[in-house]
Amino acid sequence: MSERVAIIGIGQTDHRYIRSDINHEEMINEAVRKALEDADLTIRDIDTVIIDNMDLFEGHYLSDTMVVDGAGMYLKPGLKINTGGTSGASAVATGWHHVASAVFDTALVIGWQKQDASPSIAALVTAREPLYDRDMAAGAVGIFAGMGLSYMMESGCQEEHAALARVIMADNARRNPHAHLRPDLTVDDVLKSRVLVWPVRLLHMSPTSCGACALILANEKRAKKAAKHPVWIKDLETAHREQSVFRGGCVEPKPAISAIEVASFRLYKRNGITKPARDIDVWEFYTPSSWALFPWMELFSICDKGQAWRLVEKEAIRIEGEIPIEPSGGVVSTNPIGASGVIRVAEAALQLRGEAGDHQVSKKAETAIATAWGAASWIVMFYLSKNL
Amino acid sequence: MPDRKPSKYTDMLHLITPSKGLNVLSLDPYVAEGRLAMPYRYFPGPIATRFFLELRDNQRIMGIRCPTCGIVYVPPESTCGTCFEKLEEWVEVGNRGVLQSYTVTHYTLPVHPDHTPIIYGLVKLDGADTGFLHFLGEVENGALRIGIKMEAVFREERVGNILDIKYFRPASS
Amino acid sequence: MTAELLEIIIPLDLTYRWSAGPHLGAFLRGLKDGKIIANRCPGCGRLQLPPTPACGRCHIGMGEDWVELSHQGTVISYSFVVDPMYDAGIGDMRPVPYTIASIVLDGGPDVAFFHKLEESTPEKVKAGMRVEAVFRPPQEREGTMQDIIHFRTI
Amino acid sequence: MARRVGIVGVAQTKYEKKPGMHLQDLSFEPVDKILQDTGLKFTEDGTGIDATISCSQDHWDGWTISSKNVVDGAGGHLRPEEKVAEDGAYALYYAALSVLGGHYDCILVLAHTKESQVDGRLIENVGLEALYSRMLGLDFTSCAALQATQYMQRYGISPSQCAQVVVKNRANAMGNPYAQAPEKLTVDSVLSSPMLSDPIRLMDAKPISDGACAVIVAAEDKVKKWTDRPVWIEGLGCCYDRHYLGYRDLTDPLSLTEAAKRAYGMAGISDPRGDLDLVELSEYYSYQELLWSEGLGLCERGDGGRFLESGATQISGDTPINPSGGLLSGVPVNVAGLNRAVEAVTQLRGEAGKRQVDGARTALVHGTGGVCGQMHCVISLRRGL
């Protein structure tokens, strides 16, 4: 059995549209210092550093090498991970393996993106085949339009329910000082927001943000001496998807089983999670659009097919609800892409520590699922627990 | 100085020449020429901003000292890599220093400035503990040797970036 | 002195010689001849469009079992590209608006083709509509996706 | 370590310019070969490969999420795949740690790069920090030239000693069917090649190359089940130095020494030159083979030139370096570090043909990344009994 791994330090910046006051190394340093403070450790207590970001948004080749001083990596082992939208979560997984291997007692995981450096859509579109669809494709809106369209047709969900989901995310974000977009929204505001591709409106899509998030992982021995209550990463699962069917519109005509179902089935089975809505207290999904929330609630087996919008209508997913989802406000409120995967794990861990402050869920939170989504439906997920 | 608003990427597009798109070079094997051209804008942050403003306005080269290990970094950085200390103690260093290394580059790249020859050097300025990477200029053949004295030459029009220094030349004794 | 806002602006401009390889190359040469070609996996029999070297499910080489698909198909998803956007491939703003769609071509049920639609008034674009590829005249074709102008409603 | 991790199989492409291959063709070739060689499949029940770790770079591929060119052929469909955005040795380093961590028992590691499709010098320019270095137009060669100037002048290393590295490695490559540029050279022919950036000449630098390679690592019990010539990963170490050239002593490969110390500590190597039967290191420029030899503790600081001239590093010497022909014979960036491992395993399995180091039982694999060798990864291997 591998070493058990816990989160003992959490630090993130206030994620904003633009950070003209600092450079990216200073932004990373801000998150790292906060994580060290949180864990009451110094950089010398860190054995290895795992860092991730998506290169072409800031245009730095080997961007990890440029932030060694600010990230505290000098003369330390470490490496950089980049798996697209799931990069942050893949970096946490990499940190987990490093500590689980018993070669390292502690690992610092840093996710960051500074999207004030370039036009983000133009960088995102370079994820497409240059000889096929790169010069026509335009970002991910089409995926979520397809998702929303088919979900409404199959489940009877109406536009108002997705608007309500967005309002709930805004309400949560306003209670999270780190969140980027924190508007005071009503369902009507969302329904009046400009249509990008029906049923997806501007407010349904995530912002481009600048932000960094750092986690400190430790093995059982170190975690038990930690300043704060350790949050255990009990299990993790990754499932990517073949790319060939996701040319262009990222829509698969005969959708085979989704990566979410495959990854969650495996993880649930290994951990005896038979009724996710009961066994998991809080969820931090990575939903770049509020339209993705419904299909994913069902694919993660929180509820049966066609029931997700009803749970949202009953507002069960609120911070005070019985199935709180994305109490941090989620990716639709905050999306520094390289950091978003780490932020999901960080926010879930804050909930299990009971330290989420104003956006702490009301129910007793002992277990959590944090996920990341990227490329075309790649998924990385973690099962976190307050108890060993 | 009024605090200028950050530019939008559309303000930078004049720096990139537009092109048609894919250009098929051969059909079998199929090869087509394509492009990846992005306008990137970086905010220097407080430390580098102060350094650049001193170059621009006072033709002065500033370093920053780490309170723990005492190292004076030129150019300055925000965090001492060795001690992970936040750096705040500014030190003025001279415009002259000792040549630590040099090389003449014999090929040109679109990212090179338009002057030739392209000579790079590392100069440890008097009062600094680190090497300063820049161009060397006004160099006769064979004049460069590690250890000789160099001095900074500033551009007339300075805009607040590393190129406000034109190059380092062998110091007139 | 109030800290003046400085910016370091350094555009990146890389030119790539993209090789299509035998499979994508056959597809692009096919477009020049007015054909839309997929390849069939010897393992699971699925079609891949555009053709790829390897099958994601069988983890084997796809080979060159070419299948020519119809120029007609059914739209399953679409997007209206309206907002101005910069295009790193041309170093300029991309001409907008235009409409893009995922289209299941008759005879190619496994994967959606991707191209522009001629129709762009939202009311007239919906999932399930039938469309047909409009190719450029042969002498104007170069062997790129732009050999197809767009798909028109039929 | 409670658990041991070993290598089940390796595969590589020929290294050359490949205008006829798409990135997907390139990355799938070694995967197809290694699956056939080992007979292993991508499985979920622990009877085959559990996960994939790829290595490539968005800038070199010209793709955001460059592993999208890898996923399909390499078992990424509904399965775990992650991309290490570093030199290929780091992908092997991370895969070995993952197996030791116990979450996976068997991982496919692969790396691909097509250097011939883009002017890599412009990528290297954005591999330098943007505030103080990038606008000077430097690339990795002009920076390496600053390192070479300082190193060679401080320790009296001559250009001909560097040229002898090229002569040695390009000759070794004549025994390596995968090498791009095997050739019988003379010191004079190297010294007369055009100057790129003093003192680095064209032939002192790695040629532009395309290629890919793959390695399968697994936990001890499965290695023993799946191969009768196991190679064990015994030492792992890597390390970052600082980035800005002026903040470092470019003549002291400090981060290489630290990385090697960690790997040697894990593997119980106290006398590298005595304990290691061969070294496959990443020399992007000829002077770097001398500097890295010092960093790896194979000779004293400053003795790299004399160590080379002593003949010890020839295939017939007591510490052969780069019997494969090394990077100077043409291996693309990123693939470089993993190719070192592929060659080392080929040696330890006695399958290196004309370039075989007789009776090799232990080997060192070295990868490096960043400007002037800012970060290094060292892995020590031992042939199973």
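As written, the chain order gives the labels A, B, C and D, with residue 1 at the start of each chain.
In the analysis below, contacts are C-beta pairs under 8 Å (C-beta built on N, C-alpha and C of every residue); 3 or more make two chains touch, one makes a residue touch a chain.
Bear in mind that the values here come from a model prediction, so they are computed numbers and not experimental data.
More C-beta pairs touch across the A-D interface than across any other pair of chains.
Taking the mean of the C-alpha atoms as each chain's centre, chain C and chain D sit 37 Å apart.
Measuring from the averaged C-alpha position of chain A to that of chain C gives a distance of 30 Å. Chain A and chain D have centres, each the mean of its CA atoms, that are 34 Å apart. Contacts with at least two other chains are made by residues 19-20, 59, 62, 71-72, 76-77, 119, 122-123, 126, 130-131, 134-135, 242, 247 of chain D.
Of all residues in chain A, those that touch two or more other chains are 20, 23, 56, 59, 68-69, 74, 119, 122-123, 126, 130-131, 135, 241-244.
Shared interface positions of chain B, defined as residues touching 2 or more other chains, are 6, 9, 21-22, 29-32, 34, 36, 38-44, 46, 48, 77, 81, 110, 161.
Taken chain by chain, the contacts link every pair, so each chain touches all the others.
Across the complex, chain C is touched by residues 18-22, 24-25, 28, 31-32, 35, 41-42, 59, 62, 71-77, 114, 116-119, 122-123, 126, 130-131, 134-135 of chain D. Within the complex formed with chain D, the residues of chain B that make contact are 29, 31, 34, 36, 40, 42, 44, 48, 73-75, 77, 81, 100-107, 109-113, 118, 120-122, 124, 130-135, 146, 161-163.
By the touch criterion stated above, chain C contacts chain A in their complex at residues 5, 10, 12, 16, 18, 20, 24, 28, 48-50, 52, 56-57, 76-83, 85-90, 94, 98, 100-102, 104, 109-116, 122, 127, 144-146.
Residues of chain B touching chain A in their complex: 6, 9, 21-22, 30, 32, 34, 36, 38-46, 48, 77-82, 84. Only residues 1-22, 24-25, 28-29, 32, 86, 88-93, 142-144, 146 of chain C touch chain B when the two sit together in their complex.
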